[in-house]
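Listed below are the structures to be examined.
In what comes next, chain A is part of two complexes: it sits with chain B in the first one and with chain C in the second one.
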Partner chain A sequence: MLKIQDIKGKYIANVLRSYGVLIALIIIIIITSIIETNFFTIGNFINIIRQVSIIGIVACGMTFVIISGAFDLSVGSIVSLSGVVAISTINNGGGEALAIIYALLIGVSVGFVNGILISLINGKMGEAFIITYGTQTVVAALALFASGGLFVAGRIKPGIYKSIGKGIVPIVIFIVIAIGMQFILTKTKFGRQMCFIGGNIEAAKMSGIRVVANRTAYFMISGLLAGFAGIVLTSRVISSNPAGGMGFELDAIAAVVVGGTSLLGGNGSIVKTVLGAIILGVMRNALNVLNITAYPQMMVTGVIIILSVSLDILNRKAKEKELANEKL
Partner chain B sequence: MKSYSITNDINNKLVIFLKKRAVTVLLLAFIVFMVISKPSFYSWGNITNILTEMSVYGIVAFAMTVAIIGGEFDLSASSIFGWATVFFISITNTLGLIPAFFLTLISGILMGMVNGFLVSKVKLNAFVVTLATMTIIKGLTFFYTGGSPINTSNETLIAIGAFNVAGITLTPIIFVIALIVFILILAKTRFGRNIYATGGNYHVAKLTGINVDYYKFIIFVIVGFCSALAGILLCVRVQAGSALYGKDLALYAVTATVIGGTSLSGGNGGVAKTVIGLLVMSVLFNALTLLGVEGYFQQLIRGIVLIAVIIIDTVIKKKNK
Partner chain C sequence: MNEYVLEMKGITKTFPGVIALDNVSFGVKKGEVHALVGENGAGKSTLMKILNGVIKANSGEMYLDGTKTNISGVNDAQDKGLSIIFQEFNLINTLSVAENIFLGGLNRPKIVDWRNMRIKAQGLLKSLGFSFDVRRVVGELSTAEKQLVEIAKALSFNSKIIVMDEPTSSLTKSEEKMLFKIIKELKAKGVTIIYISHKLEEIFEICDTVTVLRDGKVIDVNPVSAITKDMIIEKMVGRTVDVEYPKRTILPGEKVMEVKNLYRTKILKNISFDLRKGEILGIAGLVGSGRTELAEAIFGAERFDKGNIKINGKVIKLRSTRDGKANSIGMVTEDRKETGLVLDFSVTNNITITNLNNVTSQRILNSRKEKDVAKRFIEELKIKTPSHKQEVVNLSGGNQQKVVLAKWLFSNADILILDEPTRGIDVGAKYEIYCLMNKLVAEGKSIIMISSELPEVLGMSDRILVMHEGEIKGELLGESASGEDVMQMIIN
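Moving on to the complex of A and B:
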């Protein structure tokens, strides 16, 4: 016989586990709002989401790659290179449309190289790690090469390119991308195959999924979004920096992990990643508002990453236990 | 007919040798090419230079090799290294050289223990854990120094730094000692064999009664210790500490290990192989610098070499199977 208290306890535990990240976000917001009145304003929240949107776009692509059981360390340098090329195209009179096309093309091509190499050698996480680190090095070098290692101020006239990073436009773009990606993930064959490949690549192969083509596509999507993030970034700051996207890959992975997508592959969600990115952004902003300097902020970010993965592990263990109990 | 079969046999053996040691052969060919085209490459000064350059990071690469054999990964080595340089110099300035030496090593071990605990007991993914501790330790180091590098004018330290035998300083000597110790531990002790077993097949190792979690734990302690030791050795050379030192150390160590031929899937490989990987990287960069190749271009070549090696490695392994 189940007691009511048991059910209640189970229910609370379930809620905590499933919505732990969301609850943590709300707690951070409440505490900071009480201490600092400047925090809980619409202006500040728009500001936070705008800051989050660039990393968020990159993190959406990263989620696809992680669900399929790999990693993409090259996205940070793709952001840098696509930004450098876009700005220099505009400055040399190539036009905005061409700049955008070049930036996206760079992202897709690097993604293609990553994907085709990793999937052809049937690479697991370790190989993906090394190969995308290799392309990261190469692309970062190309960004330095293309810019001569210098900051370049963009001579951008008011137009499409300039408006991409203005006001709430990056936020709208981020939301549209996230909804589109979530749709692909949950409602299309392509998305379901992604989970299958991440869960068991050998079984996926046996059942006739074209693993090489699919895996290459995930990396191309990740590269494409990183190229797009480069456009948004340079449009916001109206200049390009050959190291502008440095470290974005780690921030993106952090957003995915904090959101609760498991690094083991096989499942995950874009909604979770968006939440993860927002949590990290809110936290950074809260620490800023509370006058905590950059260095302790780094430490807090690290601790939060560890706590959120621990939560994921606890979650999984509890689920396994429940399954075992049900079988009995 | 017999002579035919012998040559055939030799041919086969040669092919197998070339396949197994492709990287070594390429390295030797490259060295021969450099000796012929650039006489300055073959000077004692340049050779000791290459040795010293590779020794500091090399010690960490050995520890990383042990970690990879055990089936794990440690990104935090970079931050521990940077922390060690800063902490060692600041304690040298306050408490003196000997306390600084021991306290720095202890701090490295403690950081490794945190990583090891989170991976072996809490069962977290090593990549995420060490990514997080990397950030935490880097933040701590910046916080400790306020972001600026610190230096020392401790005379004993300067004297130790200047000590050399025919141009060979303390660092390569410790590098060789570390190499021998690691080879002996991995090949000749039960401890070493158990690390191979743990990395090769975690569940089988567990079923045969090996305390697998202990080995997963100790791997990170070894990396922490070696990173701190390497940090101290850098301080001996440059008498300064900075949070920015060792920024690319962890990935360098992983690269050297993989180029050497230790598989990322764990359970096989060895530190002697990693020496080849270290040589490839340091000889290549030394040569590129001597040939006057620009910085960006060097970085480009480094990336391409890395990708090429891992692909060749996997393709050859597949064929051998």
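Moving on to the complex of A and C:
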């Protein structure tokens, strides 16, 4: 006897599973708007998205790596180093174009090292964690070396470099990157193979997919975007800081996880990551507007991340149970 | 007053849209080995899950030793003396034998008494007629030994009834003998065994009674002595199956693949053979004889140190599976769940992965093309699935195997390596796979089939290579060879 309640329950569960993040976002917005009228303004929202766009760009690359069943902790240091190198190139008269090329090259190279090491040893989450933690440390040290450990003010003339971080440009860049990557993920062979590798790496290997080359590419993309984020960051603040990207890797992972991409690999979406990044940004902004200081803010962010991961695991469990009951 | 140690009465279980069990009554007498057979989807696993308390029946009653019981879950089942040993073992590879046996058992007192645990574990193994170091790590054990640990684990709960699900599916012949010995031992101790298997020969060797399920109904209950294999098959599939191995009319054509002096240190010793167009070449040998390693070398999944492989007269480079695929080789691996499929991906996504270029327009994946491909194969191979979007984890073993096959057909492989193509699938699906193999060779493809089931190799192959310890011991003609011939070659 199938009860209507069951069907209803299942329906609600499905809706929550698919749109939970979006619903949470809307609830936060509504509550904060009621308490504080300054919150619900177009100016404030543009501000929020501009703030999250840099982390968002990094998180897009992170999404690829996580879908393929790995992790990339090196991105924060890449942001720092590429920013340091770009600013010092400009300050030393190397030109904007060269600054941008160096920054991107740094990202791609670190990504290449990560990717080739991890894929050659057939590394899973754990190995990826340790290896990229290693490169993170090395790259952070390089950033300190390159800058002498100091803040450097950028002598940037008006031009391309300066405009990258100006006004809504970071937002546009973020959105364009996100759309492009979502397209790659869902509509190309490259994206499908990525999901397959994340879903079952052994089966991918036995299906004639170039696992090593592909996995290396995901890390290179992640590194490239981190390098690019370094450019956006330094352009916005017109200076470089050898620790400027510190902690970005965790914020990026948080955006991916809060968005709802599973850490188990195999599937996920850039759209979700964008939502995750925005939700974290809105949350932070809302707490600011409500005059809650930095320390409790950190606690709230931490709790949200834990909740998201728990939710993902609970969802998976629920789905498994459903399967066990439906399977013949 | 009741001769049944376990009785399930009028069990009905419905899933949305399907009746999985329809008023099933199933009784097992104390100390017997009771076979439960049926095609995949007949309801065996549903019945066992109800027995184990994993799922609830819609209606029906269960009696243990004549008293009405309700089983609320796996732990409750264990407490009441019911254990199920699944095909995929529930063991922790990194822990020792003793720890695995008493996992979840010896938790009172809270502090582990290692010496006591070891002695008890040793005792349990000894009661089964075996003794090996219980400090060994389970991951290092052979499949047969792992099974032994599972059985010992079941005994540690004082199980009165043990369900064995496909216990011999990955055992060698000699290990199988060992298992049967253990079963007899258990029987002598008064333990009741419910034996689920697709290998009907075994049932005649070891079981006392057989219950046949079909489409969720009990079709027949008989003492084994009163029934024949053909009768069981007929009852399982609901029709008479004329021949177990369908015949082919076509003859192999020209050479498509020549393997010369393939050598890999300690694994493969100078292997040479030819494969012809339209041929099924069987490879027989024990587990560990290098069969799978040979197949993987030919496919590009494993390296080889010396030797070469020619396809259509030309030496090919094989550095990766991608090279294998590019040279029209496909491999259906022995473990479809581990290396063949992404289980939570759809039928479509699992099939198209080998040839995504073929389902794109302007390099963009075209979901309509993908759907068409999937539907074509679902129809051609008669894959039973509610939809092309269904996740393969929901399909039966036979249908999963067809999806793996479809994926290589879609890659346009001309040489198909099938490693244990019918492992763990039922009689009806097996027959379909055989027919499919015949159809493929008739279309001009060539098949290399590795199998532990000797009758299958004998029944399906044009030629048979007998492998032992990395060497080809000899070649036999499928038509005239017998199982004894193969075993003779292995022994000599």
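A few notes on this one:
Note that in this section the second predicted complex is superposed on the first by the 320 of 328 C-alpha atoms of A that agree within 3 Å, B and C clash if a C-alpha of one lies under 4 Å from a C-alpha of the other, contacts with A are read in each partner's own complex, and residues count from 1 in each chain.
By our rule, contacts are C-beta pairs under 8 Å (C-beta built on N, C-alpha and C of every residue); 3 or more make two chains touch, one makes a residue touch a chain.
These figures come from a predicted structure and were not determined experimentally.
In the superposed model, A:V309 makes contact with chain B only, not with chain C.
Judged by the touch definition given at the top, the superposed model places A:N200 against chain C, while chain B stays out of reach. In the overlay built on the shared chain, the residue A:L25 is in contact with neither chain B nor chain C.
By the touch criterion defined above, A:G208 reaches chain C but does not reach chain B. Of the two partner chains, chain C is the only one touched by A:G266; chain B is not.
When the two complexes are overlaid on their common chain A, residue A:Y133 makes contact with chain B while staying clear of chain C. Looking at the shared chain after the overlay, A:T188 reaches chain C, while chain B stays out of its contact range.
Contacts of A:G149 after superposition: chain B is touched, whereas chain C is not reached.
More residues of chain A lie in contact with B than with the other chain of the pair chain B and chain C.
Counting contacts as defined above, no chain A residue meets chain B in one complex and chain C in the other. Residues of chain B that touch chain A in their complex: 73, 118, 122-125, 127-129, 131-136, 138-140, 142-143, 147, 251, 254-255, 258, 264-265, 295-297, 299-300, 302-304, 306-307, 310-311, 314-315, 318. Here chain A touches chain C in the complex through residues 1-2, 186-189, 192-193, 195-196, 199-200, 202-210, 266-267, 323-328, going by the rule given at the top.
Across the complex, chain A meets chain B through its residues 71, 117, 121-127, 129-131, 133-138, 140-142, 144-145, 149, 250, 253-254, 257, 263-264, 293-299, 301-303, 305-306, 309-310, 313.
Listing the residues of chain C that touch chain A in their complex gives 15-16, 18, 20, 41, 43, 46, 49, 54-55, 58, 299, 301, 320-322, 324-326, 331, 333, 338-345, 349, 352-354, 356-357, 360, 363-365, 393-394, 396, 407, 411.
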